[in-house]
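To keep things clear, I will list the structure first and then write my remarks on it.
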């Protein structure tokens, strides 16, 4: 089996691009893991849609306050300098361009920046939550994802085939194999695993990968 | 000179129609006087556009807090149960239909309910403030005014000739001579000074006065 | 001017069949469990109210609160952003059987539509949902070269909201993130019914810290020790 | 993450020629006198910034604060609802001489346009102004049989806001009715500069009572004993 990053390693890599003092929203599920890997000396301020800025880690089991939860409905704690606000103010932060970074999961990302991450099709109960809002407004909308599906199909495509979350919204993708920017409707490769050839990466990608400069090695610690 | 009510008496009459517990906005200037005449046993809650609910009278001279002013920029005090809020929330109260009554002054009122109370024409510096917002949303928009201008010209008209504040917004007019409802695009006379004949009132009114029932005497105390 | 109502039963006694009811809370945080249960109790005793349209971020969890309201058969339609939870079986079964209507709204759009309803703004434009199936049939307009979706206000006959402290004039504070949709729903409903842990006299809340001014609240009822949906569900509670 | 700026001069040092500057306050209540005066002092020393578009509810009073900013010749255009005051001579003379542009906006529409700018809502509909000359040329749309005026968001390069207490992360509280436009302008500006009576460490403001969350604030500067426009004018002050 070819080498690839674990989810923790993808989250670690995404965390390295978050500046000190950045306001950040992490999508529920996998993206929440990014908070664990803030580089030493940097402190991001995390936003949750349900009305908290500057929340912290989960409390010890048994000490949960169920009025103090994040968007994933997990119990959290507060850091000094936190604030509570209502849902309209919370999404004013999202839509109004006040977040520096939103980091989301994805089913599919297109070279146009289109994102599909809320629905796998018409069966079952549809649920969107804040996904469609979060893809708009943040100064940088990044995706973290396995490079391919469990079945090995590419998730980075010319066009999404699943229902869209947003159009032209994603600016960077951190995958299990590479770091790719979306610029001018193209995937531009920035970093890839050293052990992986460009051709092997391209073969697992559903749209053309462009080069606009040198490609760095994607290096992450053991986690 | 024919009898007419003083401004204080017009304000007194308007105050009699304010129910206990009503949320009320009084326009700056003459309408502010209505607050003085709340009937015993009733307590209205006064709203000011600049972000206070349940403010009270002016403080003694020399004890003003210039952060605690009303829309007319006069110093006020707080009653127990007051609240501060920002301007968008304040006008949400106005536009959103949460005020029970707004009482405003007028240059002209039309039988259609149109109101002109912000501009006497193109000369000078135009200024609108909250007037155009206040005429929308309150459950009842009432006007208090002299029945005629200082020059004796009617202020109640078929159509306003001055720039409009709002279209079809006024529901009741308290004048120095009468109380008149606006219903279905008509002035309907409810009360008039006993000493004044219908014909004499009609002669000072720029649109037809309608009767849909008995007309009561407009009786007010000496003030 | 005392908006205090003595009992939960009395507080919910006039909600009519077919009413649109906004219910505060994000999941269990801010869910007014006691008000909802009082409404269910009334329905069991009288058959009313039925055919409700409910606005909430979610679709209930387990067999208490909103889930119990749906389970009781009182809800005709749900307007929400995320009808999933740890135990969504009540809604899921009814939805898949075609027995409950769902209007799915992105969460920020849901919040803004409710605020718009409260603020007298009949429609607004948002980037959210543009180019997605949730914007199907909606008016699109371009501003500064970018397309936006027109969304309409959302109003309700009644809001059920959980607060921390109320004064008798209806001024409210909330507790932590349970604030969420509460202040917006208070604005958007013709009648807002609030359960508060504590009801104090006017002056008992600092005017600087009022979150919901009393003008947006019609009834307050004291629930000194409110239940938490999450705790109830972990205990397997059924209402 | 410390947003504290040491001096007023430093706080206003980067405001550019031609910038749109929102200035908090309703009359003198909430007027950030010291920030405005620091900006005037910079202009007198350097000739910058000039050609400003200023957004404020009013047009200044007497010869301090906003009036002094206009008197100094720094303001090209004013967007406001009520350009009158006890002593409006500075604005009035320039306006009647055609030396300053005025965009007159109903007060509630002004507040909502600023909030919309902060909330990413490019346009909304309001009943305010319909059928009046202030709606001339604006798009009209009917909702539920009633006509409404389309209004656009208002954003700024900079906001100057007066707060009571700030923490170093930019969380704010206000004092009494001086809150007015402050929280909205903090949202709508690319750079929000706040003068606060007191700056405390994170944790020095209860998260429940924060009015403006720090995400909306870029710089805070301490002004422990701020001047009040009304008091200055009664004393005949001139800046």
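Each chain gets a letter, A, B, C and D, in the order it is written, and its residues are counted from 1.
Note that in this section a residue touches a chain if its C-beta (ideal position, glycine included) is under 8 Å from a C-beta of that chain, and two chains touch if they have at least 3 such contacts.
Model, not experiment: these values are computed from the prediction.
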Note = Sorted by label, the chains bordering both subunit B and subunit C are D
Shortest chain-hopping distance from subunit A out to subunit D = 1
Ask   = Just how far, in Å, is the C-alpha centre of subunit C from the one of subunit A?
value = 30
Task = Would you mind pulling out the distance in Å between where the CA atoms of subunit C average out and where those of subunit D do?
result = 35
Query = CA centre of subunit A versus CA centre of subunit B: separation in Å?
reply = 56
Remark   = Each of the following residues of subunit C touches two or more other chains, namely 112, 115, 119-121, 126-127, 174-176, 207-208
Ask   = Which positions in subunit A touch two or more other chains at once?
value = 52, 84-85, 88, 91, 94-95, 136-137
Ask   = Touching pairs of chains, which are they?
value = A-C, A-D, B-C, B-D, C-D
Subunit C residues within the subunit B interface of the complex = 1, 115, 117-121, 167-169, 171, 187, 201-203, 205, 207-208, 210, 213-216
Inquiry  = Show me the residue ranges of subunit A that touch subunit C in the complex, using the header's touch definition.
reply    = 48-52, 64-69, 73, 84-88, 90-91, 94-95, 114, 124-133, 136-137, 163-167
Message = List the residues on subunit D that touch subunit C in their complex, please.
response = 112, 116, 119-127, 141, 143-144, 146, 148, 152, 173-176, 207-209
Task = Flag every residue of subunit D that touches subunit B in the complex, lowest number first.
result = 26-30, 57, 59, 81-86, 88, 91-92, 95-96, 102, 104-112, 114-115, 126-134, 174-184, 211, 228-231
Ask   = For subunit B, which residues are in contact with subunit C within the complex?
value = 20-21, 23, 43, 45, 47, 52-54, 78-85, 88-89, 91-99, 136-137
